[in-house]
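One chain, subunit A, appears in both complexes that follow, with subunit B as partner in the first and subunit C in the second.
Right after this comes the complex of A and B.
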């Protein structure tokens, strides 16, 4: 494994305010890395700096060992899939896909060969003469990806590429994208605010907040061992118990519910079920604690249902192994 | 009750249109009147149109008008497009300053524009004639071209240009293959608009025209001083019809343009 992209103390200021404080990050060849965070967290700015549309205020970006700062976007060996696809409306599918090869003065026969290959690969053969206007959202998205990968980039940058599509289509395209990345072996840098999407596709996720990377790890590590309060609450649902300066997080599915005054457990707390939300395979139970101002969320799977109802007095507990210390 | 109100509203709209177009309709109608006296209708004729085309002075004024309109609108379109493309690169604050300064000439009274241009030309000892007319027409057409193209560029956003650069296009290639083709309908609309403005202008031209550069509106004004003849009606009718056609064409191009961006 070699490092494909290396960010060294990258900083970005916009008219005096710091959008990205010094940040370092390295991305391996063939890796699917997701920059995940709420809007305004700096993830898109970071992606645009890698693409070359924004200049870092300080620091250096390396692509495959080569410093990029002085290289304009059109000479960087990477391609971007834009949020609204940015397909050229006055060109048909073929012309859109060929644009990059024409600009790089690739030989005509080679252009045709790569065009056919990528059309096959993205299942756009029948749509090749259509203009973007005549395509559905999902088809436009495929053209955007075809237009990028036909150039054989070292890195593909994706800026919320599924954001404009409906839920069902997004789900199926997540899988398609992941497979595409595996088969092509291209390094993917993927920006999204959708944690489910990040979990489903990434090798590693960098969770960003206020321009900083709060944690960078595999999806399982991020979910099971969040390092900070932000990560613990941004990814999935969590219960945060505070005592003094320390905070611990316990996932709702790790919370066990007992009848009051039975099955004593040292982590137990007493409370009352205030609400129940039925979700099919499981229910969400909201439990108001007696001892502190807090409502705990617990998941109870349908197969293990014990028939709790709103208003029941219960005790909750969890095993120590499921506690995560936050900093 | 509802039907009545509907009819009243429709009646009002028609009354508005009659109010707007009656003077023009009367003018057009009398251009086909056989009688020399405007007030009396004595039959249909084309003869005033025929006599127009035999009139050397009219033909000269027509030639002046068309050549000045063509040259000034080409120049205004080229300069205006370049200015709009350049303004895009300024920061937001400077861009709004430039925008404001660009729009200002549109609202400045024409008579002030004419006067100030006359003062300028006499200060730099430029002889009044076709050249000064062309310069003046470029001046008042430019803001319109810039406004039309600016709007278009703003609608287009920067993503398409970024996508082109991302795919390996230099700034020049991006302009050639992406930006210019996408704004071309607006460029044509701007050109037609300038052409129309130049063809129709009287006030500013009145100040900066020389003895050998009489345009059609100036010629018509000259004729009117000797009384409104059917020839004047015929000439005005032609000018109106031509202007309307140009404006419709400009609007069609502008609409085609704004449609082409939405998927």
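Right after this comes the complex of A and C.
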């Protein structure tokens, strides 16, 4: 595997304040990498620096070994799918898709060939003469992707491309995007604040907070072995137990519930169930501990329900193997 | 999506919204449509010996226009109007673009500067130009004192001075609508164009300009129509030689007291402008359609 994108000590300051402190990152060819973090964490700024819409204050970006900083966005061999798509309203679907090929003066016959291919691929053949206004959100999204991939870019940048769509559509498009990426073999850099989306699609996730990458790893690694408190609480639900300086995290599905006072030790504490939330396949139990000021969240799956009720006195426990030490 | 939402709101409140338009509707009906009808009727009447209107039908007022003198004046009027529109467009677009790219507070100051000339009486401003351009005026005095010229330059009372005055007067009418359409332009569309390999110049040509077309059309029509009927500028800065249709019509109503002929000239001028505006509109749309498929 070769490195497709390499960021070397990239920094970005906006009017004196540091948005991205020095940051290095390399992305492999054909990889699906997600930049995940809350709004304002610098993920979009990072993506815009890669695209060339923002200049890094310091550092260098390499695309396939070539330094990019002095190259304007219109000469970079990558394309972007914008938030809200930014389709050209005065052009129809075909004209939108052909725009990039025309700008690069691709030969006319080749333009047509690629257009047909990408229309087929994104199922836009019947909509080819429509203007963006005459399309639904999901269809506009497909045009935005078609307009980008028709250029055969080395890297596709996606800035919250599913953010404007409703939940059901987003779910099905996640799968489509993942398959698209696998079939095309293009490197994807995907920005989102939605951890579920990141988990579903990525080869690796870079969790960002305050301009820094807190952890970069596979979705499973991020979920099972979060390194920092931020990652442990941002991705999924977690119970954080503090003793002195050390914090440990235990996932709610790893918390077991026993009758009160059974074999208490370091991993077993007494408490009272204060609330229960029924979610169909499982219930969420909120347990107020006796020994410390803390409410623990536990998941109990419907198939193994023991009929606990709000107000019950219980003991909670977990096995040592399910603890994660945080730094 | 935004357009769709606005459309829905209009449909729901269609009836109430009509009431909002009522005052303007009544105003225009009473003070625009009625006088227009009167002028139209007047243009088919005769002039009496002492300048009164004789209520007898005639086509003579229209026949009189088929005279090289009037045809020349029509031609000059449209030439000046087209040139004024073209020069204003070329000057106003870059300026509007520049203003729309500044930060908010700076934009407000610049827009204020564009509008400030409106606060001073138009006639006074025209005479200010006379003071600047005449043979003992600001420019000539300066050039003579530096020794660059020996004789004063003929800067006033010619075609050039009329053009200077026209563009000066009408430029804000071009800047403001173009500024508004640039201001509404979504910058991400420009970034999308860069991203797809368009250079800044190509981005302007293929994306910025087509998407601000409405501002260009509005500004052009405002400037064109205003310059067609303009009589103060040619009167004050053009001297006796450069009479435009506005001046001729003014004369018919005020000096010659031939209201029927003045009305007929106004009607023809209006019809010709409408034809020209229509042709312009079609040309702009055709250029865009060609642009899309090219």
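Following the convention adopted for this analysis, the second predicted complex is superposed on the first by the 323 of 327 C-alpha atoms of A that agree within 3 Å, B and C clash if a C-alpha of one lies under 4 Å from a C-alpha of the other, contacts with A are read in each partner's own complex, and residues count from 1 in each chain.
As a working rule, a residue touches a chain if its C-beta (ideal position, glycine included) is under 8 Å from a C-beta of that chain, and two chains touch if they have at least 3 such contacts.
Note that this is a predicted model, so its numbers are computed, not measured.
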item: Superposition on subunit A - do subunit B and subunit C clash or fit; value: clash
item: First (subunit B), second (subunit C), both or neither touched by A:103; value: both
item: Partner chain in contact with A:92 - subunit B first, subunit C second, else both or neither; value: second
item: First (subunit B), second (subunit C), both or neither touched by A:215; value: neither
item: Which superposed partner A:34 touches (first subunit B, second subunit C, both, neither); value: neither
item: Touched partner set for A:51, first subunit B, second subunit C, both or neither; value: both
item: First, second, both or neither for A:195, with subunit B first and subunit C second; value: neither
item: Touching partner for A:132 - first (subunit B), second (subunit C), both, neither; value: first
item: Those residues of subunit A which subunit B touches in one complex and subunit C touches in the other; value: 51, 53, 72-75, 79-80, 82-84, 86-90, 99-100, 103-104, 133, 147, 151
item: Interface residues, subunit B side, partner subunit A - complex; value: 159-160, 162-170, 173, 177-178, 181-182, 260-263
item: Touching residues (chain side subunit A, partner subunit B) in the complex; value: 51, 53, 72-75, 79-80, 82-84, 86-90, 99-100, 103-104, 132-133, 135, 140, 147, 151
item: Contacting residues of subunit C [partner subunit A, same complex]; value: 1, 3-4, 186, 188-189, 191-199, 202-203, 206-207, 210-211, 288, 292-293
item: Sites on subunit A touched by subunit C in the complex; value: 51-53, 72-75, 79-80, 82-84, 86-92, 95, 99-100, 103-104, 133, 137, 147-148, 151
